[in-house]
Amino acid sequence: MSTKVKKPLPVWADVALIPLINILLALFVAGLIVLAIGEDPFEALEILILGAFGYEESLGYTLYYTTNFIFTGLAVAVAFHASLFNIGGEGQAYIGGLGVGLILLALDGILPFWMLLPLAIMAAALFGTAWVAVPAYLQAYRGSHIVITTIMFNFIAYFLMNYLLVDVIKAPAQMSPESRVFADNAHMPFMHEILGWFGIETAATPLNGSLFWAVVCCIFVWIFIWRTRWGYMLRTVGQNESAAQYAGIDSRKIVMVALGISGALAGFVGMNEVMGVHHKVLLNFVAGYGFTGIAVSLMGRNHPVGIVLASLLFGILYQGGAELAFEIPAFSREFVVAIQGLIILFCGALTYMCKPWIEGLFYMLQSDPKPAEKEA
Amino acid sequence: MEDLINIAISTLAGTVRVSTPLILCAMAGLFSERSGIIDISLEGKMLAAAFVAAGVAYVTGSAWVGLGGGILIAVGLSLLHGFACITHNGNHVVSGVAINILVSGLTVVLGVVWFHQGGQTPTLPQEARFLPIHFPLAETLSEIPVIGPFYAKVISGHNLLVYLAFALVAVTSWVVYKTRFGLRLRAVGENPNAVDTAGISVTFLRYRAVMICGILTGIAGTYLSVAQNASFVREMSAGQGYIALAAMIFGKWRPVPAMLACLMFGFLDAVSIRLQGVVLPGIGEVPVQFIQALPYILTVVLLAGFIGKAIAPKAIGVPYVKER
Amino acid sequence: MANTETLVEMVQPESESSPAAINLRGISKAFGPVQANDDVNLSVPKGTIHGIVGENGAGKSTLMSILYGFYEADRGDIYISGKKTKIKNSTDAIKAGIGMVHQHFMLVDNFTVLENIMLGAESGAMLSGSIAAARTELERLEREYGLFVNLDAITEELPVGEQQRVEILKALYRGAEILILDEPTGVLTPQETDQLFKILDSLRSQGVTVILITHKLREIMAITNNVSIMRQGKIVADRKTSETNREELAELMVGRKVRIEIDKDDPNPQAMLLDVDNLTVTDSQGIDRLDHVSFGIRAGEIVGIAGVSGNGQSELLEALSGIQPVSEGSFVLNGVTVNANNPKDAAEIRDLGCAHVPEDRLRLGLVKTFNAAESSILGYHLDPAYNGRILTKPDAIRNHCADLMESFDVRPRDPSLKSANFSGGNQQKLILAREMKDKPSVLLVGQPTRGVDIGAIEFIHKQIVAMRDEGSAILLVSVELDEVMSLADRILVMFEGRIVGEVSGKDADEKTLGLMMANALPRNNKQKQEGQA
Amino acid sequence: GDFKPAVVFDMGGKFDKSFNEGVYNGVERFKSEAGTKYREFEVTNETQREQAIRKMAQRGSNPVLGIGFAQGPAIEKVATEFPDTNFAIIDMVVDKPNVQSIVFKEHEGSFLVGVLAAMASKSGKVGFVGGMDIPLIRKFACGFAQGAKHANADVEVIQNMTGSTPSAWNDPGRGAELTKGQFDRGVDVVFAAAGGTGIGVYQAAADAGKYAIGVDSNQNHLHPGTMLTSMLKRVDVAAYNVFKSSSEGKFVPGMNVLGLAEGGVGWALDEHNEKLISAEMKAAVDQAEADIIAGKIVVQDYMSDNKCDY
């Protein structure tokens, strides 16, 4: 029998070992650069890790970023399963935040929190969806390429928000282009407050209730995609449109649904930022989370679990990176950005680089390869 | 009337200037994507090229050497993209995003270290730039109404790279439709199996495609920092890579339509610039933001109204693996 | 197993000296866990046609792909006319004078025929030159072998039959000395097949060596000099064609006796279940792909559609199954009228009790990336049996799939295996099982046995007849004439979107049908009137 | 507490070719003179402001200097948490006992360069190019327009904004295009308050042989001969003083409004542009300065009422 039979990698190697090796590779290369600018890579790594987990405050920030990335990552993923590339998370998140803001500005004095919360969630979803509705419609019924239209709608969102904040919702007699701060009953409780109710004292961080909602969204997306008929139809359309037609699935409706959900998920970034952290509508609070969501989703292989892990990684990079810039003068924020780029490159794009070696290794470790059983 | 014509002409001149980097990037993206490699790192490549070109041009005092430097770095990044996507079947989009992020950070870091001007490169002396070329008779003819100024401002009076960009559109469509390489390029983006079984190396073919993509983005970047401006400023590509990508799709991955899309966008942009602060009868002053958003809105409208379904090359973004 | 030397002698009556054109020694190839080829030895004398038969997934395509350099063998040597040759990629193969027509065509859909043929064999860096050169050369080839194709047609718009001619021209254009054909006749009409065999014959007479993979033993007997039988990645036997027969080959392939004819008793047609009236489908260019077609199918009968592929059969199926909109005319399905004003999509048609086995299994029939279980509910995904109010019922779906696999002997019996990883034959069985499961009153079947090995064919035919006997109305579209003849109770012949003739299954003969299909027969009195009888 | 200076730059970063960079130059000067190092951080998103400022305070930094109106809320919050730490903020008013608020009368400085622009213009058309369309920038524009009108009642002022994202502060290409557009409409003097985008504006002016006016720091040296002048906003001095005074234990909380009178704003005259400023221009602008200080001229501050109706 052939000794050449290669066993496929065990699952754990595929989903755990390889990513780990990739991260190490990325850190190694990053380390070389750190050396190049005359700093100690290990110290840097330590600061990065401690800065991300070391003390309760840092953990809070890490998870706060993670929350945003989960939302945008899921948004991209849902669209991807219908083989649609929603590059517009940025704009949808921005407008989603607007929705939350408007609702809260209108009702914060009037309604109690437990009524405002669902309203805010709906507003975020609704506005996010609304912002993708036109591109979605054009994609479904006019065949206009979703990538172009969503890029355009990102720009349009920036202009719209800039106009609204400077000329419309800016609180009078205040220099900065921001809305007034919501009344306290319209604040998403912070995690330290929530834990406080249970008598657990933690440092104040921007991490807030939205994290729970993010988790809910993960579960929802998983169920929706793999455990409902709509998810089934969505994946069918995404994988093989003519088969969908054969099955009597209206791919146009599906496209609308997929992008609608995608937009809603992106919109929740607005909730985390506006209702959870800043308690007011302000300029460019999205800060690129939408775009990074693309990398998050793809690195997470468009699966909620993967996305959570990828989001965590990015959370670490953001918070730990900030700490690096804070602690080591030589590390400008741009330097940190560059390091992030490297890590995305290795963990996201060069994922399979080391796979052959690993496979080779595994099959060397394989004692007597058993004859491959045949099919058909 | 008189100055209306002037406005019109200056708008067209502006259109040409604004469109140039878009056109170069659109052609670049076209080569890459026709070969099946999605490239959203046009932005990053252009930015890197702008940085290196400006730096090199400053150090050597030669725009041409700067151009060479810009092209080199962009090709280098293309090879990195290829290494990830072609050799290691990595995800094209992630690789692109990574390159964009890497570059936006690195340019500033290195800029600060090398030039101590906060990521900006020193202002280039005129002789180290690509300066406007004035065609013969431009002055004399400019007396003639309409045609004169048109010739002087729109046709003549741009720098070399502008003319190069338009020439390259012609070259691109010639290469894509009239040469062996073009035939194979179009084939590999549609069905790499066919190319492979025809005895052509899919890998090598795609690498060549992304390298051409690099060369073109290199020129685009150089235009930004050595021709249009006289120094590199952080993030100076300001999203034009994405616009170019959109324009290329708008043109359905075909050279001339893609160029027209770029020109359209440049035109809308040039118009919006000149519309800022105009007072419309009745409405009063239109908010700046609306005017600024106009090009993007109109692009969507045109796309929806007149451009049919854009069908990407079939094999785009799909890694080529025989043993599934 | 016959060792190669003796084999070479035995198949070389003429020049003892000249070495075998192809000589494969100990070829092995594994795909992951699957040992696709296992120590294969094969020797093909120059100027002969060598047949290879074997069940689906036996390793035929893989072996040929290795010879053509598409895959690299894990072990083993290749000798081309006696000389050891390294074939690392298709370039080497082409250099060695090998040409291959792949089972799944390797054509660029949106290219013209000419471009497809030139690709990789251009004469210069500029196309203009190559085009002119290619044209003349191809026109010569076309005349020489009677292989006519419109060089300027867009490939994807051509019927499969012609696409295959393009593939053959591709090989000949590269001056192939050795020609490999992987299941070439799967998509051809008898005429086209005869045509092809004439070509192969003339090629042989000019010293070209041909390897022919097919599931149709009749063809093996008709044209090959020698034949090798593959099973489970091994060559289990070599025979001289003159010294074997279909029954033996079938047995060698499947490892058991198979009956090649099916016996079915006469139909007793009942109520009209599908009544098609002047059905017309017009494509985007405004051409009538389906041109005022009228016929009816009663419960308990099989109506077969014969015709050269690309004469409207696909449109007929797609219109009746709700995939393509009806442009004109109508059809009545179980009493419900469907026409331009009252369109129905595929789902609605299914709800009317009409199931559809599509011609193109990979494009329509299933989703490659889905696992078998998921593919096994495609089109029935809304069925309450698999859905709660919100959630689907994974177990129900798995069991359903397992049942299907059991009842139609789909191998491997693994509902969680990716659909793509079943051989086409097994994919086909899964689809048939799915569509026949709830005993639809009307069944539309397209190419039920395309590229399926005889073991499976026998089984599938039995199932179809069984359905008829249980009172379903069945529309069978197939380019396999003997399939149509042996299954159908009535045969309609289509040409250019019209029905040009009808014969009853019993007294149909290949010749007249063939002529009808080419519309070369004056319309005889046998049509229409008994159609509605 | 003891003197451990720290500065938190805003989104633009310490090299924004604008007020962040001004602050950077100021604190660098302090560093080189006093030889005391300072902690620094550049925020990259909205949330980091508070985080960074608090971290500084936690690390015992004192004083903590925040840049830009956007840091107001953060400073306010952290200042309450750390009553013993001194804070200072530029471009925003935070009313806390341990906070010094430094705001500039940009409108006054802009007024002066507006006067110069109007007088230097032959075509009677002057231009303004802003970065992002935010109130602060409208404040510059409004002051500039008033100055121009003051010098020449029927001068036409054409205003452009670059964009609606932070990238509007780093888009020289677009800046150049906007400027060329204005030139084509007859403008021959252009004032840019647009950070890095200004680089493109000045370059375009140099290429076209028209006048440009710098902003914040003295940018006359960039293109001697075409840089008419620069509107000075001495954030560098302000930042320097914050550190200096605290190092001497003389930190004073409260409002600190820097206008012409206080020398916080002004216009730049040096060897690079002296040839461009005629005697009468100088006279006129000095006069205007005197009048403003004397209160004879009241320059309308856009931010006071979000209006620019002069």
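Labels A, B, C and D are assigned to the chains in the order they are written; within every chain, residues are numbered from 1.
By definition in this document, a residue touches a chain if its C-beta (ideal position, glycine included) is under 8 Å from a C-beta of that chain, and two chains touch if they have at least 3 such contacts.
Everything numeric in this text was worked out from a predicted model, so none of it was measured.
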Could you let me know which interface, B-C or A-C, is made of more C-beta pairs in contact? A-C
What's the distance between the Cα centroids of subunit B and subunit C, rounded to whole Å? 47
How big is the gap, in whole Å, between where the Cα atoms of subunit A centre and where those of subunit B centre? 29
How many angstrom lie between the centres of subunit C and subunit D, each centre taken as the mean Cα position? 76
Sequence positions of subunit A contacting 2 or more other chains: 159, 162-163, 332
Considering subunit D alone, which of its residues make contact with at least two other chains? 13, 133, 163-164
Multi-partner residues of subunit B (each touching 2 or more other chains): 108, 112, 119, 234, 239, 288-289, 292
Pairs of chains that touch, anyone? A-B, A-C, A-D, B-C, B-D
Touching residues of subunit D toward subunit A in the complex: what are they? 13, 40-42, 44-48, 51-52, 55, 69-70, 72-73, 91-93, 132-136, 163-166, 303, 305-306
Given the complex, residues on subunit A that touch subunit B span 37, 85, 134-135, 138, 142-145, 147-149, 151-153, 155-156, 159-160, 162-163, 167, 291-292, 294-295, 298-299, 332, 334-342, 344-345, 348-353
Which part of subunit A faces subunit C closely enough to touch in the complex? 1-2, 4-8, 223, 227-229, 232-233, 235-236, 239-240, 242-243, 245-250, 371-376
So in the complex, which bits of subunit D are touching subunit B? 13-17, 21, 133, 158-161, 163-164, 167, 170-174, 176-178, 180-181, 184-186, 196, 199-200, 203, 222-223
Under the stated contact criterion, what part of subunit C meets subunit A in this complex? 28, 30, 32-35, 38, 55-58, 74-75, 232-233, 321-323, 345-350, 356, 358, 363-370, 374, 377-379, 381-382, 386-387, 390-392, 394, 411-412, 421-423, 425-426
